[in-house]
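Shared between the two complexes below is chain A, which has chain B as its partner in the first and chain C in the second.
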Partner chain A sequence: MPRTQASLRAYVVQRLLLTGPMVLILLTLVFYFLRAAPGDPVGAILGEHSGPLADSIRRQLGLYDPLYVQYVDYLRRIFTGDMGNSIITQHSVAADIAQRLPATIELTVASMFVAVLAGMLLGVVSATRRDRPADVISRLVAAVLYNTPIFWFGIIMQLVFAVQFRWFDSGGRLSAQFAIPPRVTGLYTIDSLVAGHFRTFIDAVAHLILPALTLGLVLAGFFARLVRANMLQSLQADYVEAARARGIRPLDVFYRHALKNAMVPVSTAMGLTFAILMSGAILTESVFSWEGIGRYIFTAISNRDYPALQGAVVYYALIMVFLSVLIDIFNAWIDPRIRY
Partner chain B sequence: MSRRLVAVIAVIVILIAAVGAGAYIVLTAPAARNVLVVGTTEREETLDPADAYNYMSVNFLQNTMATLLTYNQSGDGSLIPMLLTVVPTTQNGGISSDGLTYTLHLRSGATFEDGAPINASTVKYSIDRSVKALLDNAVTPPETRLSVPSFLLDPIRSAHAYLENFTNRVEDPANTTQQQVDQTWANYSTGQAQGVEVVDATTVKIHMGRPWSPMVLLLAFTSLAPVNPTVFKTDAFKPLASSISASGPYRIDTFVSGERAELVRNPRYFGAPAAMERVVIRFYSDSSALAIAMATGEIDVAYRNLNPEAYRAFSTNTANFKAQQGTSAVIRYLVFNNRTAPFNDKRVRQAFAYAVNRTSIVSTVFLDSVDPLYSLIPSGMFGHTDVFKTRYSRNIAAAQALLTQAGFSTTNKLRFTLWYTPVRYGSTEADVATLVKQALEQTGMVSVTLQSQEWLVYRQSFRLGQFSVFLLGWFPDYLDPDDYTYPFLHYASGGSASFGSWYQNDSVDTLINLQATQPIASTQRAQTLSQIQDALANDVPYLPLWQTSQQVVYKPSISGVILDQSQFFRYFTLRVS
Partner chain C sequence: MTLLDIEGLNVSYASRAGPIRAVISADLKIEAGQTLGLVGESGCGKSTLGKAILRILPDTATVTGSIRFAGLDLVTAEEPALRKIRGRNASLIFQDPMTRLDPLMTVRHHFLELIRAHEPDADEDDAMKRTRRVLTAVRIPPDRLDQFPHEFSGGMRQRIMIALALVFNPTLLVADEPTTSLDVIVEAQILQLLDSIKNEFEMGVLLITHNLGLIAEYAEEMAVMYAGHIAERGPVRDVFKEPLHPYTKGLLDSVIDLETRELHSIPGQPPDLLQPPSGCPFHPRCPSAMPVCTGAFPPTTRPRRDRTVACYLYPG
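Our next item is the complex of A and B:
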């Protein structure tokens, strides 16, 4: 055991050390692609139009500097958290993203909770009762969920639970009747608890339910299929056979031997999904008027808000790197074979 | 045994904790507040009066900042004093007989939220700032500087020279020096021929560079609203969402962009206090989200923008909702690029005027919730005449005859792209474009391709002359026929170029200059406006299509909803009974 722990520690250290170069490579790629794409920011702002004005703006933005000067300047600005100002909001892009991030985190965590719970449940039920009615039903449910258009599902949820039953509000993060709790984390669920406003907390949770169910159930369809496939594979593995032969209780065989091994690809997929959601679930955010990163990026794209877009891409790249490190460490922890 | 004991103890502890927590929640929780909730799909862009030019930005300021004048609540569009003691007219000496000097008398005792006084120097500071700050801050090019309302102040004495020099400096730094810009600024702000002059603590004079009768209407516009000098500096726009130091009925308590704004009664406001202590404005991502929120009762009022189907559904459900429709001064029209073939041929434009089918747009797309428009000056406004109705009733044969004269036929069709923008004017725009296409193609001599672009790109494209025919809309700056003629038709000032039409008719320029000097509601002015509209119908540089309406849906318990032509939606008159 101590040896495994030591090697896990070594792996984690190695993995973290690799993160630096990885971030640098990613940022370099972002820099390169945004400049290799046809048209520069000034072109995007001015349209196909040049002249002294475009020249002076290009000079101001440093676009006439040698590429390495631009590159160093770009890195310096990113590491100091300066991603420029959005053309639309006139705010610093970092501040814009920071303002919307809590909404996205709240929605992501809640919907991942739903997705993982429902996905695992459906997947495990399917795999353990292969080709029996429970499996057929689970698979059917998973397939339907997975193929449901998310905006349609969201509107149906609104019509049923908000308009018809009036159980929940149709959108937003908090009822107008409750004041926004003093900002600590920006997550209304946590801030309301910190402030001791319990009814605000309950209201914030209630507002999370419909969007989290909408997004979470659709993702659950995908996870269920993944869990089932991997479970079936590991249930047929020799070590499971061996465990059964040793007379280990069937439940223990399932959960400690089969499921844990089936989790490596599943947790990777879940982690990556989480990372993708952290860049905003545009459709869900739109249907539920949820002001998160997704809607910010959407507005940036439709208005050609170049600085906002670049900032969002950098942010997204960093989130991806960070979460993939976490996923790798998690996988190494559950599967001792993963070491360098 | 011990396991069971542990379990029992655990259950008891959990129960006590749950009961305790429940009691704590019930006893300590702040009660839900009594607020009035307004839902909208509009977004603010800025809360700086010097920069505010889109609907929601101006709307927030109208409810939180005291303007010099304001619009009568009875909805007849007439002006009443707000920070001033009297509406300046030629009769009361507020406007000099040559129309070049406006003398403004301020009420005394008005203050900002922090207690700072609003006096003559505040007024001068704010108007000067509206002329200056903005353009100085504009790193963005002139094509995208649409949101800066300073050009409205161009008629003020010495402002024109400054604005011109400034723009030249931005566009071509080699030919205009910074010293020239600074010099014209000094002339405007402090020189002998300064624009705004402080006479005493409560008297300000605005000197005009040329007589311009709509100036009095501008006194009701937010870009002339006095701002608190400690909050709004001259060298930069005030960033969004920060405290604006209110002087009007409400102050801004909370502002989370895209989510909600909370307005609270301003205790320092000099006028009648707002009806509700607190109004919450919630932002929805689109019309259907807004409609659903209204249906669930989460919001008390839905204002801007429900789609026509939703509005109709609410208006038939009279037991649960009140639906109200009001006039609007927003007009929609087709623009022709008058410089490019074949649309530089007047006959082609006239043919389109015969072929277009306004009633099909109004009834099919808008379910009769808007009105067809037959002039650029909206119906109901001083000087309006139905020129297009009298001159062009829908007549395909007449359109064909004109197209034939212009060299087109059923075999040699006039082919062009009709452009529209999909979001800015609502989700109905593509349907409108389709109906325009159908109507024109009924001549058998026209073939239309539809294309769309997002607004920011769209407005650059048409300003650069890349579109021949396109759909556009106009949200007025001030409610006067001048705002529907000068920017559209005046060539010398670059007005028609800014619309991408490049219409040029020197006699129209002269008439437009003339009407701006004539007394604001006089018969002479009506005559001049009528001549301008005759020229409009004859030259067809634009094809007016329809005039929008404003719609609001609210719960039956709400009163105090005012919809008038000023488009000024007042939160401070709303009340829950």
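Our next item is the complex of A and C:
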């Protein structure tokens, strides 16, 4: 298929070229909003008195420089990977984030897996049994899940499965008796397998289950609605009727035509979901003492640790850009109409 | 030889407001190699009748009566048997070619899917050979096989739909308003194509349309549908020369007056199928209505050779 491949390649190149300006705009917005917020980090820590100590810290942080100097400095630092130091711990923010990022990735990917699996299941059951009891029940489940506060849901999960049944630990990424596997990816589940520490792997998965279920199930409610709405639409599409009229088996019509077409808007929405996922991660990580970016942001906000917050937000923005590129390319790959 | 024999066909849809009777004791016959034109206003049940033949109506529809085709009664036949018939012995093409092809699938895959559905062991080379043959018959360059539907115009998509319909040399083609959404020039091309293909592939055709002009040009037999009933049936030439049913007369008048640039449409609205008028459903609009017309539906009589009509003006 030379024609279609060429158009896909052109689309990918074009999409990647657009990423540069997009990243720059995002970084500028982050810069602007953190500067526009009332007060400055030094004032926030030392109170509104300006003493010689505050002055010297402000000078050290470059807060007396003209805005454009600060902006250029900010960009230069980001591109050299220097995010400054945490005001509280004096650790390098970049190192802190690099340390915690894998934990968040592990949690996010596992939650997404739960969300997509449970969401698709509920949505497909609903759509194929429209208005019948199975549909009513799965819609109800989806609505309840979607409207459950993550914080509360996490605590209930802990109470039931960790405190009452004692099936899982209530927090952390690994039990104390297991050594952290040698770092390859930073994801304990993968690293333990790479190292061949099978029992460590089981323990890491056991720790992942509750937070991933908490975050994933809440998102599954969102997906279920999305999948149902899009499946209902694609099941009634003209090409589905036409395929039936050609004697195509119902299962093939369902998977090859209806489900595939419903996936295009669903995967677009999935990109947006990462935003919910991240805010959900902040809460989930806090409840389950999961040492990831979410908890880092939570701590940074509580401590008004601006460099840490800025660093984490910048990382978050970059991850969002990367994911949206990935999803756009995925969509263009399944839907030729997107490759204009 | 009778290809398709429909007797006493009823189709009703379940709805919150009660059953909607879309087709009511309809009788139709199509001879092999013949084109039957089915004409009526939108919402009269003609599309439902077309889809009922292939039994692809939604789950809310109930079908009774008999549809004899290919040695089976399609009303009572089981789903697997019906599936073998669809797309192989009988094909259906639709009004809106723009939305009838799966936008995520290349033309090649539409054909491969169809051929594999009916012949699971078919090898790709052979399938593509057959595909090229039908594409050539509908004048689509076979080198466009790997393109997606959105890369074709409406007329070309309808040609592709026709090619898909032809792969297995079906004996029956149901064409439901095949050119309504196309412009006039493309419409003429598609209909001429259908006509030549009909002869080449020796198919019977059910041409469903609201356009009497198409019936005059392309059909040998015709049936007029009103509010789910077959109002009148007969050879096209006879019906045009001497329409019997007042509704047919009204339809023909509006066509003829169009040519003298005077529009005489039939006064009144097509009836609501949920609550059709009692007796003959045409009576609120009928210039010849009599007291008896509001009572019961008129019996179908045969006032001329090869003609049937359901109207109290023609007692048996």
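One rule holds for everything that comes next: the second predicted complex is superposed on the first by the 308 of 340 C-alpha atoms of A that agree within 3 Å, B and C clash if a C-alpha of one lies under 4 Å from a C-alpha of the other, contacts with A are read in each partner's own complex, and residues count from 1 in each chain.
Everything below uses one rule, namely that a residue touches a chain if its C-beta (ideal position, glycine included) is under 8 Å from a C-beta of that chain, and two chains touch if they have at least 3 such contacts.
Every value quoted in this text rests on a predicted model; they were computed, and no experiment measured them.
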{"item": "Contacts of A:15 with chain B and chain C, given as first, second, both or neither", "value": "neither"}
{"item": "Which of chain B and chain C A:77 touches, first, second, both or neither", "value": "neither"}
{"item": "Touched partner set for A:256, first chain B, second chain C, both or neither", "value": "second"}
{"item": "Partner chain(s) touched by A:173 [first = chain B, second = chain C, both, neither]", "value": "first"}
{"item": "Partner chain(s) touched by A:129 [first = chain B, second = chain C, both, neither]", "value": "neither"}
{"item": "Chain B versus chain C as contact partner of A:243, first or second or both or neither", "value": "second"}
{"item": "Which superposed partner A:162 touches (first chain B, second chain C, both, neither)", "value": "first"}
{"item": "Residue contacts on chain A - larger count, chain B or chain C", "value": "B"}
{"item": "First, second, both or neither for A:337, with chain B first and chain C second", "value": "second"}
{"item": "Shared chain A contacts, counted only where both chain B and chain C touch the same residue", "value": "none"}
{"item": "Of all residues in chain A, those that touch chain C in their complex", "value": "1, 3-4, 237-239, 241-249, 252, 256-257, 260-261, 264, 334-337"}
{"item": "Interface residues, chain A side, partner chain B - complex", "value": "45-49, 51-54, 56-57, 60, 87-91, 99-100, 103, 155, 158-159, 162-163, 166, 169-180, 196-200, 285-289, 291, 295, 302-304"}
{"item": "Contact footprint of chain A on chain B as seen in their complex", "value": "21, 24-25, 28-35, 37, 45-46, 139-144, 170-174, 237, 239-240, 254, 256-260, 262, 280, 282-286, 288-289, 292-293, 295-299, 423, 454-457, 460-461, 464, 466"}
{"item": "Touching residues (chain side chain C, partner chain A) in the complex", "value": "51, 54, 56, 83-88, 91-92, 94, 96, 99-106, 113-114, 117-118, 146-148, 150, 161, 164"}
